[in-house]
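Next, two complexes with chain A in common: one pairs it with chain B, the other with chain C.
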Partner chain A sequence: MNSNLKNTQLAGWLFALPGTALIFLFIVLPFLFAIGLSLTNQRLISPNPTEFVGLDNYQRLLSVSIVTLSPTTDAQGQILLDDNGQPKYPRLRSITRNKATPEYKGMREWFRWHSGDQAKVVIARDVVFMKALTNTLLFVLFVAPIQAGLALGLALLVNQKLAGINVFRTIYFMPVVVSIVVVSLLWRFIYDGNNGLLNSVLSSLTWGWFTPIDWLGKSETALGSIMAMSVWQGVGFHMVIWLSGLQTISPTYYEAGDIEGASRWQAFRYITWPGLRHTAVLVLIVITMQAFALFAQIDVMTAGGPRDSTQTLVFQAVERGYGKQDISGGSTISVVLFVIVLCISILQRYLTRERT
Partner chain B sequence: MREFVPSAQLMLGTRYLVLVLIAVIFIFPLLFMAMSSLKPNLQLLTDTESMRAFLPVGELSFDNYKAAFSRAPILTFVFNSLFVTATTVILTLLVCSLTAFSFVFLQWRGREIAFSMIIATMIVPFETIAIPLLLMVSKLPWLGAEGFELGWLNTYRVQIIPWIADGLTVFLFVQYFKGLPHEFIEASRVEGASWWQIYRRVVMPLCGPVIATAAILKFLVMYNQYLWPLIVVQQETYRPVMVGLQYFFQYNTAWGEVMAYLTMITLPVLAFYLFLQKAFIASIASTGVKG
Partner chain C sequence: MASVSLKNVQKNFGDTLVIKGVDIEIEHGEFVVFVGPSGCGKSTLLRMIAGLEDISAGDLSIGEKVVNALPPKERGVSMVFQSYAIFPHMTVRENVAFGLTIAKVPDAEKNAKVQNAARILQMEHLLDRRPNQLSGGQRQRVAIGRAIVREPAVFLFDEPLSNLDAALRMDMRMEIANLHKQLDATMIYVTHDQVEAMTLADKIVVLRDGEVMQAGAPMDLYLEPDNQFVAGFLGSPAMNFIQVNVSELDATHAMVIGPGLAPTRVPHRGRAHTAGQSMTFGLRPQHMWPAEDGKLAGVVGISERLGSETVVNFRLQDDSSLIASLGTDQIFTPGQTVAFDFDPETAHLFADLK
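Our next item is the complex of A and B:
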């Protein structure tokens, strides 16, 4: 008996060793490295020795303050107006380059708003990072519910008992197997400002009334366009996950509902939706994780532009860590990204926990 | 005998109309790609102003394909992608199934800790470790045919080895193994079979469905690799198809050639998918049901 136990002990170690070692070496270790490197000034190739810098990298990324600018006045205390009749404000430099306020040194404007006569200016040490952070969060916030919702709609559609329904299922899923790099390139034609397909379709639908838009070239539309394309590519994946959830719901419930005279909405509300609870959690978690990793679309379509309106965390991490060979800067962004993903997956688990 | 009520027919018609309209939304970019690859550059760009973009009209030829081959070493890229993908898929199936087998059927010290570690890695997006991993692989040693060398950049191994083991594949096998009847295994043990024989002769032959699932998921990940080869492989000798796209944007971009290249690297995958569509869809679905 004892030799048998020893036998499984040794066999167990041997069988598990390759997989466990590889995962440790290529996932766990780099992850720990990322945390370690974010506390240094490591570069890919550097003549200077690496130094420990503590939380400096995080401080540089995350420091944000609000400063108030009062309108410029003339000698009589009258507010000076600019050509458009708006109050004039002193330049931000008067604060960020002021020796009296050294804590704001090197910070730049992120955005501003007005309250009364005063202008509140939000300044950040790393404005590009802040934009990348907000864009990534916006992307997740829009894409996750829209993609999950549309995917559920499609799943309900292709779950109908119709002849040839399988053909439609196959077509809806097709973009999932196409590389996101290929998809992004194709959609550059759709979004093109001059004779892009989207502009052509919109202008022919409105008999020429629609003025063409350079979808990816304007900071107002670029991120939204990338969101729409990402939903188009990913929705089939989640349709299939919803579909497998739908098919676990026993048809007897629907028969019972029919007998009770339930409407189609009631059947969805009281039979389908409760049956999909577990699937809903999974779909949301998977979409959220995929959305946070947004990179290829940006790299192929906009490279973060125009005016940083499509910067994302992963794009910035790669641009700094690889493009500028600033390993510690890239690692710091990676750690920030991981902390956000971790918080969200803990939050989602908590919100959808089994209530007993 | 089917009853032909006009309103029911109308309902059915509307259902199909909705299904077809949605299908058009999913198909049109791919149709545009295939059609454009046959058209001269100038026509390709003017055709996007009308429905002609989706139709095989005008001057059609395979000139773009010829030009694409002379612009970039396409066969090298395709070989690299297929080699890296096939090798990784095979090694993944072997390594991850062995690991899962050990977790499910064998008792050993440290098992729970190792399993928790592997499951925890599932929430680490690859993108967050890419940069430190780049630094790491640039310094890793290797003992190869040419002797000892330092650094893994610009090789096949850097595209294969880090991707062999992953939490999801181990997890899929663990879930599947748990559903197998354990009596088989006990009986084989009594008959004196070694663990390797049980793995090889008893368990793996029952694993068709999970092998298909894991292989398809890994195939999609590996064939579509972009970020990782972009940063670790600078030499065209080792570059895969997605990174090879860059060749078509150097100097002047000929969109016809781009479309020909995109068609060439996409059609095989689509064909593979259409051929095995039931298995593809089942494999995605299985990540859902058991998750």
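Our next item is the complex of A and C:
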């Protein structure tokens, strides 16, 4: 009996082994490597020996300061105006290349705002990373709620008992099955600035009033375009998760709701939504993590441009690690991304916890 | 005031007719029990009254008004489900108040009604708990609480006690009977348990395959069943049936004879027509007693001594098996030959069951 029990346990471990080994080999180990590499100056291929540099990589990545620029004045103390009638400011390099302020050396302008006559300039040592970070956060902020909400709407629609409803389920799910690279290529044609599908449709809908936009070629529209396409691509997947959640809610609850006189909205509010609590947590966390991992669309559609307006963390990590062969820099970004995603997941878990 | 009337009500799922034209009149304040084996259509019929299933043909009226096309909430009914269907994410108070919340009843009035319902059901101490902290019987109470708080004209119960254990079922049965007295409302109750039917009902409707077999007061059905199905369904142990032949008959009685049954003159209640007719003879187990020269002779199979009664299973010559339930403790040994006698006036004759 005893040996039998031991054998059973051994069998269990053996069954778990292939999966565990693969996870360890391809996820845990590389991640530990990344942490290690981020503390060195390792390059992908380099004749120089690797050196331990401590937190230098993190410091370079995350350094941000605010400097104040006062307007340039003439001898009388009058503020000099430029051709547009705006005050003139000294060039930023007067600070970043000033020997008196060595702490700002090598930093570049990220963005600025004006308060009174003063210009407040936010400078970062790694402006591209900062743009990637804000773009990624923006992407998550828009895509997560919109995708989750649309997916829930679709799930409610296709959860009805109608003839041919499976056709709709299939249609909505189809983009998920197609490779993201293929989808990205297709959408590049759709977004094309000259005679892309979107421009053609918009201008024919408005009888030519609409002037075509190079959706991916302008820094104002590029990120939004990628968001829209990403929502479209992923919404079917989350629809299926919502759908599975919807189908765990017993029909008797809805019958009880009918008897008590609940309207469709009340049935959703009092029966459906509370019943979807666990599904909602899952969907939110999965979408957030997927959104943070935004890479393929960028790589295929814009390569981070124009003017870094679609840089993202993962794209930067890959770009640096392999494009620029700066493997320690790429690793550092990966670790930063991991910490961000972990914090957000914990926060979401806490906010959506079961209150007793 | 709500009477409920069903006139030739039918229901079909595709080509299958599951309710085959049912006529039932329910007076205001009556407690009516639909009873029958599973698949007889009793739950479907209840759901049609509730408005959860469409009515394919016929008229359903609640309080003199045809409600065929009305949604459930406009019929003035409330329902207690077999699975209770109380919401797990709400407290007992929120569950009971659900219908009032939906109807946007002001808080003060809502609280008063919930308190009152809780008092009637003796569950005031449970109001702030969640369903997963409740026992089966307590959940049942919550479900009933949700039903009564809206003060509907008609209560519908769909096998409400079938998920409870035997002892609790008896308690809840009595509570439901009390509730009916207190509320003065019409109640329609579906069960497959003939004990619940007999004890609760003012009127029993026995259903089989989507048809009403007989409707009436419990004791009327018990004493004067119209057909073999009703006779066999009500009473425990079930009525004994054996095949007999009519040898001669007059206006009220028929002389019947069968294997293991000595010639006996029993009332035929108009169901015997000709001599030589093959009929089913029915006799309740409680109406037999052992006697040397009894009309039913056979061999004992099993006997069960329950203390207050003895249930004897014995076989007649043609191997048909009968049960006698005796009101005293008596000892029978398997294989022993026995004879039982009965009062012929307590026996029944039925046309053979299709």
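Here, the second predicted complex is superposed on the first by the 335 of 356 C-alpha atoms of A that agree within 3 Å, B and C clash if a C-alpha of one lies under 4 Å from a C-alpha of the other, contacts with A are read in each partner's own complex, and residues count from 1 in each chain.
Here is the rule we use: a residue touches a chain if its C-beta (ideal position, glycine included) is under 8 Å from a C-beta of that chain, and two chains touch if they have at least 3 such contacts.
Just so it is clear, the model here is predicted, and its values are computed rather than measured.
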item: Three-chain arrangement built on chain A, chain B and chain C clash or fit; value: fit
item: Per-residue touch tally on chain A - higher for chain B or for chain C; value: B
item: Touching partner for A:R277 - first (chain B), second (chain C), both, neither; value: second
item: Which of chain B and chain C A:Q59 touches, first, second, both or neither; value: neither
item: Which superposed partner A:S94 touches (first chain B, second chain C, both, neither); value: neither
item: Which of chain B and chain C A:S250 touches, first, second, both or neither; value: second
item: Which of chain B and chain C A:I259 touches, first, second, both or neither; value: second
item: Touching partner for A:L29 - first (chain B), second (chain C), both, neither; value: first
item: Where chain B and chain C come nearest after superposition, their Cα distance in Å; value: 7
item: Residues of chain A at both interfaces, chain B in one complex, chain C in the other; value: none
item: Complex interface listing, chain B residues touching chain A; value: 12, 15-16, 18-19, 22-23, 25-30, 32-33, 45-46, 48-50, 53, 95-96, 98-103, 106-109, 111, 114, 117-118, 121, 123-136, 138, 161-167, 170, 194-196, 199, 220, 223-224, 226-227, 231, 242, 245, 255, 258, 262, 265-266, 269-270, 273-274, 277, 280-281, 284-289, 291
item: Residue ranges of chain C touching chain A (in the complex, touch as defined); value: 50-52, 71-73, 77-79, 81, 83, 85-87, 89-90, 98-99, 101-103, 146, 150
item: Of chain A, residues touching chain C in the complex; value: 250, 252-253, 255-263, 266, 270-271, 274-275, 277
item: Interface residues, chain A side, partner chain B - complex; value: 5, 7-9, 11-13, 15-16, 18-20, 22-24, 26-31, 33-34, 37, 42, 44, 154, 157-158, 160, 162, 165, 168-183, 185-187, 189-190, 192, 195-197, 200, 204, 232, 236-237, 240-241, 243-245, 248, 279, 282-283, 289, 292-293, 295-296, 299, 314, 317-318, 321-322, 327, 330-331, 334-335, 337-338, 341-342, 345
